[in-house]
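The data blocks that follow each hold one structure.
Presented sequentially are two complexes of subunit A, the first with subunit B as partner and the second with subunit C.
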Partner chain A sequence: MIFIVAWKNVWRNKIRSIVVMMSVAVGLLCGIFFMAFMNGMAKQRIDSAIKSEVSHIQVHSSEYLDDEEVGNVIPDIKNIEQRINDSKYVEALSTRIIISGMAKSARASKGVKIVGINRESEQKVTDIHTKITDSIPDYFNKKYPVLMSERLAKELRIRLKQKVTFVFQTVEGGLTETSFKITALYKTSNKVFDDMMVFVPRSKIARFAGLNNNQAHEIAVLLKNNDDLNLAADELKSENNLIVTRTWKKIMPELGMMIDMMDNMLVIFMSIILVALAFGIINTMLMVVLERSREIGMLMAIGMNGKRIFGMILLETLFLSLTGGIIGIIAATVVVNITSKNGMDLSAYSKGLEAIGYDSLVFPVLDISYYPVLILMVVITALLSSIYPAAKALKLNPATAMRIDA
Partner chain B sequence: MNYLKMAWRNTLRNRARSLITMASVFLAIFLALITRSMQIGSYDNMINNIVGAFTGNIQVHKSGYWDEKIIDNVFSYNDRLVNYIKSIDNVSAIAPRVETFALASYGNKTKGVMVNGIDPDAEDKFSKLKSKLVKGEYLNNDQEGVLLGSSLAENLKLSVGDSIVILGQGYHGSSAAGLYAVIGIVKFPSPDLDKRLMYMPIKYAQEYCSLDNQITTLALKLEDDKNNHQVKEQILSRFNNSDIEVMDWRELTPELAQQIEADNGQGIIMLAILYLIVAFGIFGTLIMMINERVREFGVMLAIGMRHYKIVTLVFFETLIIGFVGVVVGVLFSLPIIAYFHNNPYQYTGEMAKIMEQYGMEPVMPFAFESGFFLSQAITVFIIIVIMLIIPVISIARLKTIKALRA
Partner chain C sequence: MESVIKVKDLYKIYDETSVEVRAINGVDIEINEGEFTAVVGPSGSGKTTLLNMIGGLDKPTSGNIMIGGQNLALMSSSKLIDFRMHNIGFIFQAYNLIPVLTAIENVEFVMHLQGISYRERRARAKELLEAVGLGDRLNSRPAKLSGGQQQRVAVARALASRPRFILADEPTANLDSKSTENLLDIMYQLNIKEKATFIFSSHDQRVVNKARRVINVEDGKIMSDITK
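Coming up: the complex of A and B.
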């Protein structure tokens, strides 16, 4: 009964109720959409970092992390590979030799990281093979092939099929110079990556560097699901404390922190929005009580008790806010869904976003688990905003309230 | 007639409502001021730390150097140039540099390093290099010796007094090599720089690269970054465009500029959403107020008050509400902003570490700019004016007889 009365009361002053509902709806729509947008942007940044650069988990020898020295290898790599492959969380792994050295052409020289990979396993872990812009057929199956970025090739003033000389240190400590032929060029959105990374077959570079088949510097592990990150990291952790297993959150703390903060940020931002909305709701309900003093006095006089009066005002507030809230949430869901299908193209506004590793096409996403939280937040806001107006209604004295002329 | 007095009394008529509306304006202003001064302050900190410490506000290179950082792209560093640039207002420090990549060897260790040929005094004035010295002595123009980053020294397993061999490329394809005594160790907060940087007096760097009096980079520090466009123009106007390129920090560190821009955009959008909600709140209040007072307005019209005078009155009432909200908001935020402006917030834990890695002090000073308070007040004023449009139209349309009967 009281439910119906409250619902009908909401619609007695349509314009006013609609203004409040609209403000709640628009506030939530903007807030949710903006959060979904930020969330989508951050997720994409992380996905692309995982896919192209760091993978989910990396294994190194602890010495290597302090000093990227060619001798600081992970010993007995086959055993470790085996153990990682046996884990149920692991999708694929790639074992790499990474040597800092210098790339030299006739015209210029640059510091680079020479990454020795096995093409088949690398393809399963990172997407660098999809970034190839120009290549000769079967590019990795040549005698001394190297995959290098367009940027670096341009800086060295060399082209496809030309030779580049790498100077680097071998395990014995001497410097060695070897020539590789550029068989493919790539381009990613990350300039720093492009400037540094050149890829060569692992077996070839191992020989020059004096490493054997059972030695490498890095194992990059791709998991089936990012949600298992911590479980997998625990499982893969080695008892041998010379070997360090790090998750991407450890490797890129700024991104790890960003994504961890995202959830908090959503709650904080939505709380601010709801507090701002609460002012409007309180004002309206206060107005409702004031306007209906006579009516409320009458209801009291004919025996409606304080609890019910309080309940009625509370329900009215709840209906008012929830209607707006639900409209807002539905509208936000629709907008998020539409934009997440096609993506929002930001390239017109910020051409440089890519320089910091963000895609200029953003796909907003919001996890389904946020919606109950949002509805709960709206309900709490409504309840809190109803207290003052309802208390004011309770304070009315039936005898004087009924005499108010309005 | 004294509108202001009447408007003030009218706002006091429904104190609760006026107070709540003021509170919503207060909340928006308060949050806006705090968050904006936090953001702008942290950008200033970033710019000062990264730009001010090493990159400089502006750099001059031979045109094409930035795309192709090779030692062939050098320009002549002569008194004419120095005197001209020093004569430009706003330039507070200049630092000439020869930057090139090389391999550095000690014992059986070899590392890639960034060789920086510097003018020791100018560089200290520019980036306070001397203060980063942890061991040994600072460079001296007449002493052939180098400074190394502390991690680099550790990785090469050498210390002050040892000699280091560097090997790289010199001017016009000549090969460059030299043996230098390590006279000091410097420590950079950024591990990346600490592993790679090496300094030597510019004279010896030029000798090493077979250069005459040429440099790759001239870094300029300005008193106020706001003038960077003007200074750029001044330098360009004097020199031939095809000989040199003049770049500001936005071009030199696009990641930083972009990050600031993106973060700034975020902050502005969040505030826009907050203001939107406050606008709705004000709108709701106005609608209610006008509905409630239709009869009162009718009486006023009946006794001869003009429509525009009622509109003016309502305008002043709204303005008072907005003004009180703004003033209280400013008064509350001012001490907080002033406090954190003088005692910057210190980051701790993970965040502090991340900031140090990026070469920033882990602090967040709040910005304190008067223009900023004004712009928020203007925003509120504009919102009020826009929100008044519909209420004003409805007042203008009031028919005396109808209004009297409402």
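Coming up: the complex of A and C.
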């Protein structure tokens, strides 16, 4: 019966209750949407880092990690490739030659990383082939083709089908100079990547650098599932400590930090919402106790004890916050679903975002498992906030509360 | 006749910073089972203060109140609430009813607090509301009832828990003369039929005429105590 009384009491002042419910709902909606947005952005950043840049796992020789010297190759590549391909976690791998060098045009020059790839295996591991904005047909099947970013081409002031010269060190130690023809241009959302990376056929660059086809600097491994990251890394780890196997988390520690920072921001954001909610509830419930002090005095007179009065106020708060919370969750689900289907275009601000590697089209996502946690946080905050007003109600003295002239 | 209420040497002094107010200034009363007693006196004479102390809603400055042999002063406040629920029925001048509940639910409420089963309390609530002439308004909310009808619901509610006695502080103060008479008639009938002990206060002479015993209070003292 107290349940019924509390529930009906919620609707005595409809407008006030609806305002409180709506503020709970809107607070929750904002919180969830912000979380989903940040989460989506971080997830996209990780996905794109994995898809376009680091893959899940990379293998290098330990010497190469100390010094990106042309000679610091992984020996006996074929054997290692075989072993990786045998793992049940592995989707695909791409073996690369990476040489730091200089790109020169007639008008400018720039430091670059020349990445020698096999187009077929690279396609299975990264999505660089999907970022191509302009190309000649069958662009990698030419004599000396190079795939470079629009940005770099612009900086070097050259265009598609024009020549670019690469200067780099060979295994023997001397400098060599070779010309490639730009057969395709690409553009990713990461400027740093675009400024550095040029792609050429592995067999061609190997020959210029003096490497054989059983030598390379890097094997990038794509897993079937990111959840298996640590298991796979363990399995692929070589007993030979000359070969180093690293996960993307190791390779890009700044991504992990970025995610930590976002987590902190979410905590702060959520705290602000909860504090605002707490003040709203304290204020509302104090008003309730004040308005109904006569009635509460009467209830105490006829036999409602402190526990029950306290319980009634807490129940009213529970109903108020839970109703608001459920409305908020429903609204958030709808909003997150819509935006996660269509994405949110941030291109107005995307210049800054792309500089740090973020996409301008964000798809908010949030795991359903967060929702009950958030509702719980809201309800607990509301209940804690109603303790003070409820305690205030207990202090009422029926004799004074009931005085007509008081 | 057994006495239900024994008040001895009762004082209630309010310390209004400089001037002390002796709201109850040395009162002794004994009230027996089955009485229909009016506490009468002008406004400010101490009726409410006296009834509140007898009902355990307020604490005396000094003196003793024994109810059915139990000393109210010795009870903790939570014990006192429980004691009130089981032993005393209250009818106030106003704000008697829970506005969100219907008439019958209001009457049931105390019985619910007492842990009486739904069937039993519903049946008794219905019976009592019929006894106060509201058999056709069981499911009306208080706001839909007249002042007199609301007070009749309060009478039914006060009786529902079968208390030792009922305290009614100016139950008719907000009613017109017809409703006043009607309410007192109902109380009188229930006093006989349900053997309920009533103590009610008023400053209205017509109300006083209905009582079998009239206790006159002035300036916190009993001036006369007449049993007809």
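Note that the second predicted complex is superposed on the first by the 375 of 406 C-alpha atoms of A that agree within 3 Å, B and C clash if a C-alpha of one lies under 4 Å from a C-alpha of the other, contacts with A are read in each partner's own complex, and residues count from 1 in each chain.
Please note the rule applied: a residue touches a chain if its C-beta (ideal position, glycine included) is under 8 Å from a C-beta of that chain, and two chains touch if they have at least 3 such contacts.
Since we're looking at a predicted model, the values are computed, not measured.
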Superposition on subunit A - do subunit B and subunit C clash or fit: fit
Contacts of A:M300 with subunit B and subunit C, given as first, second, both or neither: second
Partner chain(s) touched by A:Q169 [first = subunit B, second = subunit C, both, neither]: first
Subunit B versus subunit C as contact partner of A:S100, first or second or both or neither: first
Subunit B versus subunit C as contact partner of A:I132, first or second or both or neither: neither
Contacts of A:G31 with subunit B and subunit C, given as first, second, both or neither: first
Partner chain(s) touched by A:I330 [first = subunit B, second = subunit C, both, neither]: neither
Degrees between the directions from subunit A toward subunit B and toward subunit C, using C-alpha centres, nearest 10: 90
Subunit B versus subunit C as contact partner of A:I282, first or second or both or neither: first
Contacts of A:M402 with subunit B and subunit C, given as first, second, both or neither: second
Comparing the two partners subunit B and subunit C, which touches a greater set of residues in subunit A: B
Smallest separation of CA atoms, subunit C relative to subunit B, angstrom: 15
Subunit B and subunit C footprints on subunit A, overlapping residues: none
Contacting residues of subunit A [partner subunit B, same complex]: 13, 15-16, 19-20, 22-23, 26-27, 30-31, 34, 38, 66-69, 100-102, 104, 106-111, 154-155, 157, 167-169, 172-175, 253-254, 257, 269, 272-273, 275-277, 279-280, 282-284, 286-287, 290-291, 350, 352-353, 355-356, 358
Subunit C-touching residues of subunit A, taken from the complex the two chains share: 1, 4-5, 8-9, 11-12, 294-295, 298-306, 308, 397-399, 402-404
Subunit A partner contacts - residues on subunit C that touch it in the complex: 48, 52, 55, 57-58, 77-78, 81-82, 84-86, 90, 92-96, 98-101, 105, 108-110, 112-114, 157, 161
Complex contacts: residues of subunit B adjacent to subunit A: 14, 16-17, 20-21, 23-24, 27-28, 31, 67-72, 101-103, 105, 107-112, 114, 151, 154-155, 167-169, 173, 196, 254-255, 257-259, 261-262, 266, 269-270, 273-274, 276-278, 280-281, 283-285, 287-288, 291-292, 350-351, 353-354, 357
